[in-house]
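Have a look at the structure below before the remarks.
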Amino acid sequence: MIKAGIIGATGYAGAELVRLLLGHRDVEIKWLGSRSYIDKAYASVYQNMFTLIEGSCLDDNIGELVKQADVVFTATPQGFLASAMQEEYLQQAKFIDLSADYRLKDVDVYEAWYHIGHKSPQYLKEAVYGLCEINREQVKAARLVANPGCYTTCSILTAYPLVREGLIDPDTLIIDAKSGTSGAGRGAKTGNLFCEVNENIKAYGIATHRHTPEIEEQLGYAAGRKVTVTFTPHLVPMNRGILAVAYASLVKKPDGSCPSEADIRAAYEKYYSGEKFIRLLDADVFPETKWVEGSNFVDVNFKIDERTGRVIMIGALDNLVKGAAGQAVQNMNLMFGLPETEGLDLVPLFP
Amino acid sequence: MIKAGIIGATGYAGAELVRLLLGHRDVEIKWLGSRSYIDKAYASVYQNMFTLIEGSCLDDNIGELVKQADVVFTATPQGFLASAMQEEYLQQAKFIDLSADYRLKDVDVYEAWYHIGHKSPQYLKEAVYGLCEINREQVKAARLVANPGCYTTCSILTAYPLVREGLIDPDTLIIDAKSGTSGAGRGAKTGNLFCEVNENIKAYGIATHRHTPEIEEQLGYAAGRKVTVTFTPHLVPMNRGILAVAYASLVKKPDGSCPSEADIRAAYEKYYSGEKFIRLLDADVFPETKWVEGSNFVDVNFKIDERTGRVIMIGALDNLVKGAAGQAVQNMNLMFGLPETEGLDLVPLFP
Amino acid sequence: MIKAGIIGATGYAGAELVRLLLGHRDVEIKWLGSRSYIDKAYASVYQNMFTLIEGSCLDDNIGELVKQADVVFTATPQGFLASAMQEEYLQQAKFIDLSADYRLKDVDVYEAWYHIGHKSPQYLKEAVYGLCEINREQVKAARLVANPGCYTTCSILTAYPLVREGLIDPDTLIIDAKSGTSGAGRGAKTGNLFCEVNENIKAYGIATHRHTPEIEEQLGYAAGRKVTVTFTPHLVPMNRGILAVAYASLVKKPDGSCPSEADIRAAYEKYYSGEKFIRLLDADVFPETKWVEGSNFVDVNFKIDERTGRVIMIGALDNLVKGAAGQAVQNMNLMFGLPETEGLDLVPLFP
Amino acid sequence: MIKAGIIGATGYAGAELVRLLLGHRDVEIKWLGSRSYIDKAYASVYQNMFTLIEGSCLDDNIGELVKQADVVFTATPQGFLASAMQEEYLQQAKFIDLSADYRLKDVDVYEAWYHIGHKSPQYLKEAVYGLCEINREQVKAARLVANPGCYTTCSILTAYPLVREGLIDPDTLIIDAKSGTSGAGRGAKTGNLFCEVNENIKAYGIATHRHTPEIEEQLGYAAGRKVTVTFTPHLVPMNRGILAVAYASLVKKPDGSCPSEADIRAAYEKYYSGEKFIRLLDADVFPETKWVEGSNFVDVNFKIDERTGRVIMIGALDNLVKGAAGQAVQNMNLMFGLPETEGLDLVPLFP
């Protein structure tokens, strides 16, 4: 039985972690950290878990937590774990950080996009970027996993095979992504009120969203060179789900012809055919967020726009599952040598 | 391994059955019946189950189905199973009918409210009304279970203990219920279009809804006499969930005083304290449909309105789970001697 | 040109007042009061009015405001106007208060339900309860109008004719009301976040909601005696709209028969046939909130439940229009001798 | 008083026309055509207009209609008006066609994208593309106006000034657009049911949507040469609204520098500063569909992505108003010499 602790257990991602771990046969939750709800019964903060979970919320105390837990999940604001991390913690427990603190290898890029100093850059090299399908082997050996962002998981997995295989020109990549509102967190902000979000759609963080450098770094590894993308997120009146639509120009083949649908499908299959959580849909069936809701799936597909020589790549996931807590559990499974799908055999909820 | 067949597998309740049975370790789905989608791959009708289920939809053929299956679920229009039922079928498989065909014991009441003749009234006496928490023992021995309606499950379980204990006057019962739109089915009707339901709430079936006699019959058994209620359903712009709010006058105790909060709480606890799927919430915490979404729970609570001498009873469930498919699985578990919660350990999804 | 000032212009009701007054040919907005947004351009707080309105938000200063305005609308928290009111203000401008401060004639009832002391009870007698269709003549002569609550407007107008005509027993009145989320205001509270409200329905303020005594007082006048009701509000995942469903037992006629549908329809017509803003729907067509969205209409209808001897009365309105700002404008029209419908000829928006 | 007739009055666009014309002081509706609801009272099809409109739906009869009306609006399926049009009709009434029949000048393009033959190509030259802000003078003189599509109005107006001024390379234009569900019409299709659309977002018509050639033709005129774009529409769980996000590479100035924010703003102002219905938002305030709901506004703004040398252009409108019925009324006003804003002084509804 793996003993797990969660810091930031009362945010939406933290609560989703609790939901998933309650259904995981090899895990026992030992610590529910939440500075906002200290001493309050967890099930009174998330009444959906009434009768399903005992215990009250605890103040932050990593030193004590690592004594009790084998794995620590941090679903905390940017900078929290970077400020707190110490070598002795990592010697006592494995860490899976759902914040951005250890996602970017270049500390300057982190500080430029997040506008805060990084307090423990010495762990950036060690930290493994926990996009399981890409970095599976490194995750297995990691002490510290940087769990990827929601938009980034969706965007990267949607475009990865075509970038890796050189089928598209990465300099032409434009990603237009749409997210449900749970991605904005449970903080009480006017802009996230029902009446402001409902019956509305808007773009935000235009040309400045913090997931941009994360996408660029990972797709840069795939391309074998620096990649710069335009990324635009949107807020959609729904609770869960991200849809990423990526546009790029196809690279002509040596004979001057464009890659065919079969070429592109072969590239997706090359990387994803064995992946349980990535579903390459049939031709002309395109991802919808509702089809993955509540599950750890990423659905992907593509369409060639012959008139313009572009390919449109589309991916969908549940931002709280594969985009956060589900991927964290998947990483934990890898780190502890469990079957990768343990606790994640979730059928999407429809409707 | 129990072999299961579903007739009406492509309606919302049928699809929810498939979702639940896919997560049930003792069941194998052998038959996906759907007259509307004959020969079409099931996963292409419900893309959420892509890669999770094989097989195509089959035309109705109960004779063949009972040879292949141990249990048959019928999520079909009223009258379908009543017209088709034969003794030999019941000898070959157990039946769980999600329609209303065998819910009402009085064939005249059935025909008056459903406006169709009943073709197999000879099974009405044998059929067990599958409200597991009330009729658990009878269900265990049943060949034919009439799975209760969604509104009725919620309404009955919300009021049952107080009716049974004589704490309220059943003649004063008024039930105002609100349902998500999946209760209206997947049929393409103008009234169920997104633009007609969204940003709207309406009552319907006022004083005429077919779940009324079902509530009356069951609460009549609890009261030990005939009960007549006013029941008003509403359509709410959400996918899942039923909230039932029941109003009734409290019956004074022999000493002339009204039942206290403790009296009423004791009544609920008497019947529900051992029930896994019924959660009596803490004082002044009232059910919300979101807290049970995707799960088999019914949340209940109450409030005394001292100024008027009434009690307001509130219950919430997911209409597709405890209100349909989940309860059907619970009935199956009972009928086959499995743990009652098998396949139903579902944490509600929030948000 | 009537000069109007609004205190509390940046709440949802205040903003709706601005929307309506912008379309009123006889009114000029002179003062946009908002303590939260002092000196901020109004159109930057409500971008929907960009290019349509000039001016910035002003701090509260009633003394100055009454010099500039002919009419003052206060869309403020309970207690604000009661604390600030002075005779000299009323001598300089007419007041329409959208808060509850002057709605209840009995100061003890006010203090018991609102849990605050009333600072200017001397105006309670003078203040006119601004339910235009009931108190039209008094409104015309008023200096101070207490604009009714949203739930109360809907509930009272739905039941009024039957109470007034003695067709129902007011002691049996139960009102189950459902509201869109704009009724909860623009304050940043966790409970009103999109993810908490969406895909959810809940009752709240059970047996304790502050609109209860207001309904009781007004229906008491109609009944000619004290009336006590059970009132339960609900939060519905939509922006606008209230649906009130009222249940009551019919009073038998002297000959022992129950009132007929014709009797009840006649009662509604007696009071509402000349009313532009109250639409009695055709038989068996029941109000839906979407049909009145954005307009000043109240739609009403009823159904007799012969089996129980009850009548179900249903009403719908837009909580921000007839339930707040629209009724305030209607009151203003009456107070200033304008056509009652001026600025309120709004066709409901559908879909 | 202009006498107006509507064919297709019971679709969502037709009903919005009725709503707007009811508020237009110079128009009288003489004809409500609807093959689906012949002889049914119009207000019973759209209960929001109960008491506001008399009359029943009429079968199609253009010959008779043109005798009674000065202007005919056709909110009909593609091909309807093209098949019916005759010279004598145009001599008796002006026509504003909300379908695509006369939008594309090249009949081959029409037939290729719409998969139907064009029955009256002889009017293509005469028909004026009714994008009022671009073609105002031609509209004034027109007998036959092709009212633009909803996506196209939004897309073209968002990108027009930059294309016209040569600030962007039109070959790099990618338009990612999102629409509320009313754009899908009132037909009873499974895909448009509440439960299928709610809590979901999807792209559709990828690389094949029929509004593509319309955007290309109009932006081609602006560019002075053929333009080919990638256009992807999405279905969003809301009733109304379109958000178009257009991406393009900036064209370097002769001195090798990129256009600045001031350059781009100047371009928008050059074309839109006098336009009542186009609102260029302040810097860093980006369009949201809710801010234009129910009104004839298009809100636009842009952001330079310096890292990639692209500009992101964003526009929002209400698909049923500026995207359909409102623009049709605006065209009518121009054609009949009325003030262009008559009947269109609508303050957006928020929330």
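Here the chain labels run A, B, C and D in written order, and each chain numbers its own residues starting at 1.
As a convention for this text, a residue touches a chain if its C-beta (ideal position, glycine included) is under 8 Å from a C-beta of that chain, and two chains touch if they have at least 3 such contacts.
This structure is a prediction, so every number in the text was calculated from the model and none was measured.
Colleague: When the contacting C-beta pairs are counted for A-D and for C-D, which pair yields the higher total?
Modeller: A-D
Colleague: Could you figure out which pair among B-D, A-C or A-D mirrors the B-C interface, over half of its contact pairs being identical by residue number?
Modeller: Looking at which residue pairs coincide with B-C, the repeat is A-D.
Colleague: How many angstrom lie between the CA centroids of chain A and chain C, rounded to a whole number?
Modeller: Taking the average C-alpha coordinate of chain A and of chain C, the gap between them is 46 Å.
Colleague: Express in whole angstrom the distance between the two chain centres, defined as the mean CA positions of chain C and chain D.
Modeller: 37
Colleague: Measuring centre to centre with CA averages, how many angstrom lie between chain A and chain D?
Modeller: Averaging C-alpha atoms per chain gives centres 38 Å apart.
Colleague: Please list all residues of chain C that touch 2 or more other chains.
Modeller: 12, 182, 195-196, 198-199, 237-240, 288, 290, 293, 351
Colleague: If you look only at chain C, which of its residues touch chain B in the complex?
Modeller: 174, 176, 178, 180, 195-196, 198-204, 206-207, 228-230, 232, 234, 236-241, 243, 245, 247, 286-290, 293, 303-308, 310, 312, 314, 351
Colleague: Residue numbers of chain B touching chain D in their complex, please.
Modeller: Spelled out, the residues of chain B in touch with chain D are 12, 181-182, 186, 188-190, 192-199, 237-239.
Colleague: What does chain A use to touch chain B in their complex?
Modeller: 12, 15, 19, 22-23, 44, 46-52, 182, 199, 239-240, 279, 281-282, 285, 288, 290-295, 299, 345, 347-351
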